[in-house]
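Same chain, two partners: chain A is paired with chain B first, then with chain C.
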Partner chain A sequence: MSLMPEYDKNNTLVEFIDPRTKALWMITVIFLSFFSDNILEMIVIFLLIPISSVLLKQKLSNYKNVVPILAIIASQLIVLQILFCRQGEISYSWWIINIYDQALPLAAVGIVRASTIVLACMQFLSLTSPIDMQLLLMKFKIPYKYATLAALGLRFMPVIEDEFGVILESQRARGIKIESVWDKIRSLPSVSLPLLYRSMRWSRDTALSMELRGFGKYPNHTFMKSLNLNLWDILSSVIMTFSILIVIIL
Partner chain B sequence: MSLEIARIHINSLYFPDQSKPALKNINLVINEGDFIAITGSPASGKSVLLHCITGAVPKYYDSKLNGTITIRGLSERTSISDNSGIIGYMMQEPQSQIVYEDVYDDVAFGPGNLCLEKNEIDSRVHKCLKLVGIDYLIHNNVKELSGGQAQRVVLAGVLALGSGFLLLDQPTAELDPAGRKDIYGALGELCHDKKLTICMIMDKSHEVLRYATRILEMDNGTIINELSPKEYLEKLKSNKQPPRIKKRMKSGELHGETIAELKGVTYRYKNGNIGCENIDFSIKNGEFVAIVGTNGSGKTTLAKIVDGLILPTEGELRLFGTTICKKSKIKIRNDIGFLFQNPDNQIFNDTLKNEIAFSLRIKGVTEDEISTKTDDALKKVGLIEYKDAHPQKLSRGQRQLLAIGCILASDCSLIVADEPTSGLDEFQSSLVMDHLFDLNQNGKTILFISHDLSIVRHYAERIVVMHNHCIILDMPSSSLNDYLLELKEIGLDFEDILE
Partner chain C sequence: METEMIGETEKYWRTDTKALVGGVFLGIVFTIICVLADVIDAVLDPSLALLGGTVWAIFTAIIVMTYGQPAGIIGGAMQALISMATGMSPLGFFFIFANCIGSVVYISIARNLSMKSLRDYVIVQFITSLVGFFFVGMGTMIVYSLPFNVALACAVIGVVVTTIVAPLITKNVVTSIKRSGLA
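After this line comes the complex of A and B, so read on.
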């Protein structure tokens, strides 16, 4: 089960867009969702993410694995609003608990906003290759060494997820019962410790391999790719910046 | 006279909390054009020696080194990256050495770090990928690659640095026989024509002996022998035991009832890729069966189905007389042991004895029995002296033996082993396979996957050949000679250099 949708390098449409435009799109969507308190507006802003994904030929099923996590966040928000919201009139009262009529609408706003933030970040990560992320960070004056770390994070996240799957399978083969939620909690040490040991070994091997391939020898690096804004990028960036400014002014 | 590339003089190397030195009394001179293969028993210090040459010991591994290592006349370097462009190093696990998702970007990473011109980098990337035989994968995502292909990507990345001195830790461990032949051929050519210097830890393939100029045997942290390939071959031939399976067959032992049966089995992965297709296969109690095939032929999928780890998407799987479904697969778990390629996916306890005890507790063995069985299993795999040590302090070969120890103690009737000797050298491989053989002699059924055709020939009594996700041949190993040509055509060359 992969939480993060994978970057599809064969998608020419995605490749065509500069990572700065992709970052600005993510910022715009999150910004708009923060500036709106109207649930309908917020749903429209939220829907921009799946619509843009469809337009960019991304599979919507890529996002399905994050739904259980969003469901947990949603349930927490509902409980918190029911217990602590003090806006509106009391619509229900029992013992010391008073439920106000604004609790659920506010919970709904929170859920849509949280979902928009999570999905916008996921969309950005799925649209940006590790090397593009590195080049993007370097454009924002992040030193080459630290920008490489971000690229490494993107590269190794799915690898570690796969590794976790293999460890689960290995421990199942050994006879450990990992079926129900309780089983999974009980088997946590047998699954997480091998992953921890493996990750530590991997990080050491990766660091050694990178150093021996000259990483850090010089302050710069020759990249085979460079970021260039095309006309489409410039136009869309202008539109997004204007929409942010209009929202701030209004 | 050849130019001196490296001079290694190590009086001793100690790791913290260890009374025995990891390396001692090593005096080694490596000259330009040398092709050195290092072999030796588990934990004999082979990988540590390579790490010393790269400078990773003591920088990455806390240790006390008494001695000097001089590379191209320089004995002091401020950082390991100073060695880039001078030394190229490739470790065992390829995926941890791949930095970028794209094959092209990853191979270009090293030359990019050296701040070379774009044209030069591009030409090096194309040249090196062609050399290792994967130029057709140039724009692939590394996630789509098999283990063998990933190993070639790493090798191409190391070669692209243009360093004249390569250190390789079992560079073909995950390759099939045809892949190994190609890689060693290419390295041998580079060594001969371009005066490239290579120092590598030998895997169990004898292919490297065609190109090596010197063989170093290590034991207990020191070099105990330096031989020419010819001398080493003679030694191997004289030490070579007759195929163990023949001894067993002479005893006239007959096999029992069918314990695993697959009828018309097909497995499709969620992404639609086929794992194996239309498989009819059965295994009888007490058999010792090998599955062979090139990378990606469906061997591991078949092994996982036989183990009940995955259920067929089509067809019927019967294990121990029961048709396997989601519910029943948990019930048969205690009767089957699965030995994975990488022991690190299973090991998590703080001592060896606790690791084996854990395997027994899962199966409901009483605490009284656990102590006896644990000691017994550790003795059998030769790790009893380390029983209170942390498993992560053992070498890879020793950790694989520990995984076998867990299976030995568990007393499973069917053992499925997925490339149990991958990443191990000849000596370690024999240790592992001998244990499986002994289990088989005691009535256990063994099904193992191997790329090492000499091991298959030596141990298996029945060979199953897979190609393009299907079983194309199922024969007793005595008939192997009748099919050598057909097998060679699909990349399985059983003609061992030792023969």
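After this line comes the complex of A and C, so read on.
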């Protein structure tokens, strides 16, 4: 199972939107989610993400990997709020456990807010190619030497994930049991240390090949593509900025 | 071109390509191991994230002790952003501060110590964990709407566990990396 959301390079609609607009959209959704305490408002903000994905002809299956993780987080939040929330009136009491009537609404706020943050970030990554990410960072005056690292990370994430899978399989083939939770804890050093050392060797080779191609020799770098805001980007950015300002003022 | 001979006094500030790329790669490894640790945490005791916290402490230390800064900030930011974007943790936004400021704190103290004895690693880890868990505690209160006393209890347990467990592993791994000449 790949951790990173898949970027669809054939989606021309996604290519049409400037990465700055995509980043502002992510910030707006997260910001509105943080500043809202009303559960209905938060659900509406949350639903903006799948709706916008459908409008942009994105696959909703991009988000399916995250559903089990969010389900675990949701169950944790419900249990924690039931056990520790002290807001409102006691609605149920048993032995030393007092359940307050604000426990479940607070858990719901936490679940929706957490889901909004996760999905907004996933949507941004699934809409933005590594090269767009690099150009975006450079537009914010980050030197290309550092902006390249973000693109490098996005490109190498699946490669190192695959390598981790290979290490897991080879350790299993050597007879290390990785089935139960206790097995996983015991085997953590035997799978993480080979990955660490192998990644360091890769990073050394990658750095060398980058330097041999002239990386870091000149202060500037040329690209095949450049970022340009179109009318749609400007209009949507103004609306998003305006909505953030309204929330701050109110 | 960029790879340079690094003196003893400059070992904690490296902007050569090898250190920067190393920071990115170790940030990715950090993320992948954190996923495994968080899944185990979710099964054992979800509120504490002991294994995830220990992995954070170990990797923060390994990255800064191996590649210095800004690789520590790059690796930490990489882990935080990927964990947000992959749904590994909604606290990812607070991880940015915990990881980046944590790695700066770690190196600021480490450069004033010899970092040859386990005691030095324990001192540095304790202060770094205090800073890191302060931000994570804030995150649990804001994102999960948890009460202050629960967030505080989780943070204190996290600091104690990472201070005891992480330095033992960090010291061994950092020593073996230095011996192997990989950094």
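Everything below uses one rule, namely that the second predicted complex is superposed on the first by the 214 of 250 C-alpha atoms of A that agree within 3 Å, B and C clash if a C-alpha of one lies under 4 Å from a C-alpha of the other, contacts with A are read in each partner's own complex, and residues count from 1 in each chain.
We take it that a contact is a pair of C-beta atoms (placed from the backbone, for glycine too) under 8 Å apart; a residue touches a chain by one contact, two chains touch by 3 or more.
Since the model is a prediction, treat every value here as computed from it, not as a measurement.
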Partner chain(s) touched by A:Ala173 [first = chain B, second = chain C, both, neither]: first
Touched partner set for A:Thr206, first chain B, second chain C, both or neither: both
Which superposed partner A:Lys217 touches (first chain B, second chain C, both, neither): both
Partner chain in contact with A:Leu149 - chain B first, chain C second, else both or neither: second
Partner chain in contact with A:Ser52 - chain B first, chain C second, else both or neither: neither
First (chain B), second (chain C), both or neither touched by A:Asn11: neither
Which of chain B and chain C A:Ser129 touches, first, second, both or neither: first
Superposed model, chain A: greater residue contact from chain B or chain C: C
Which superposed partner A:Asn62 touches (first chain B, second chain C, both, neither): neither
Chain B versus chain C as contact partner of A:Phe34, first or second or both or neither: second
Doubly contacted residues of chain A, that is, touched by chain B and again by chain C: 152, 189, 193, 197, 201-202, 204, 206-208, 210-211, 214-217
Complex interface listing, chain C residues touching chain A: 1-3, 16-18, 20-29, 31-33, 35-37, 39-40, 42-44, 46-47, 51, 62, 66, 70, 74, 78, 81-82, 84-88, 90, 92-93, 142-147, 149-150, 169, 173, 177, 180, 182-183
In the complex, chain B residues that touch chain A: 54, 56, 60, 79-85, 87-89, 91, 93, 95-102, 104-105, 108-118, 121-122, 139, 141, 143, 154, 157-158, 161, 307, 309, 330, 333-334, 336-338, 340, 342, 344-348, 358-359, 362-363, 392, 406, 410
Complex contact set, residues of chain A against chain B: 6-7, 9, 129-131, 148, 151-152, 154-155, 158-159, 163, 166-167, 169-177, 179, 189-190, 193-194, 197-198, 201-202, 204-218, 220-225
Residue ranges of chain A touching chain C (in the complex, touch as defined): 3-5, 30, 34, 65-66, 69-70, 72-73, 75-77, 79-81, 84-86, 106-107, 109-110, 113-115, 117-119, 121-122, 124-125, 145-146, 149-150, 152-153, 156-157, 160-161, 164, 181, 184-185, 188-189, 191-193, 195-197, 199-204, 206-208, 210-211, 214-217
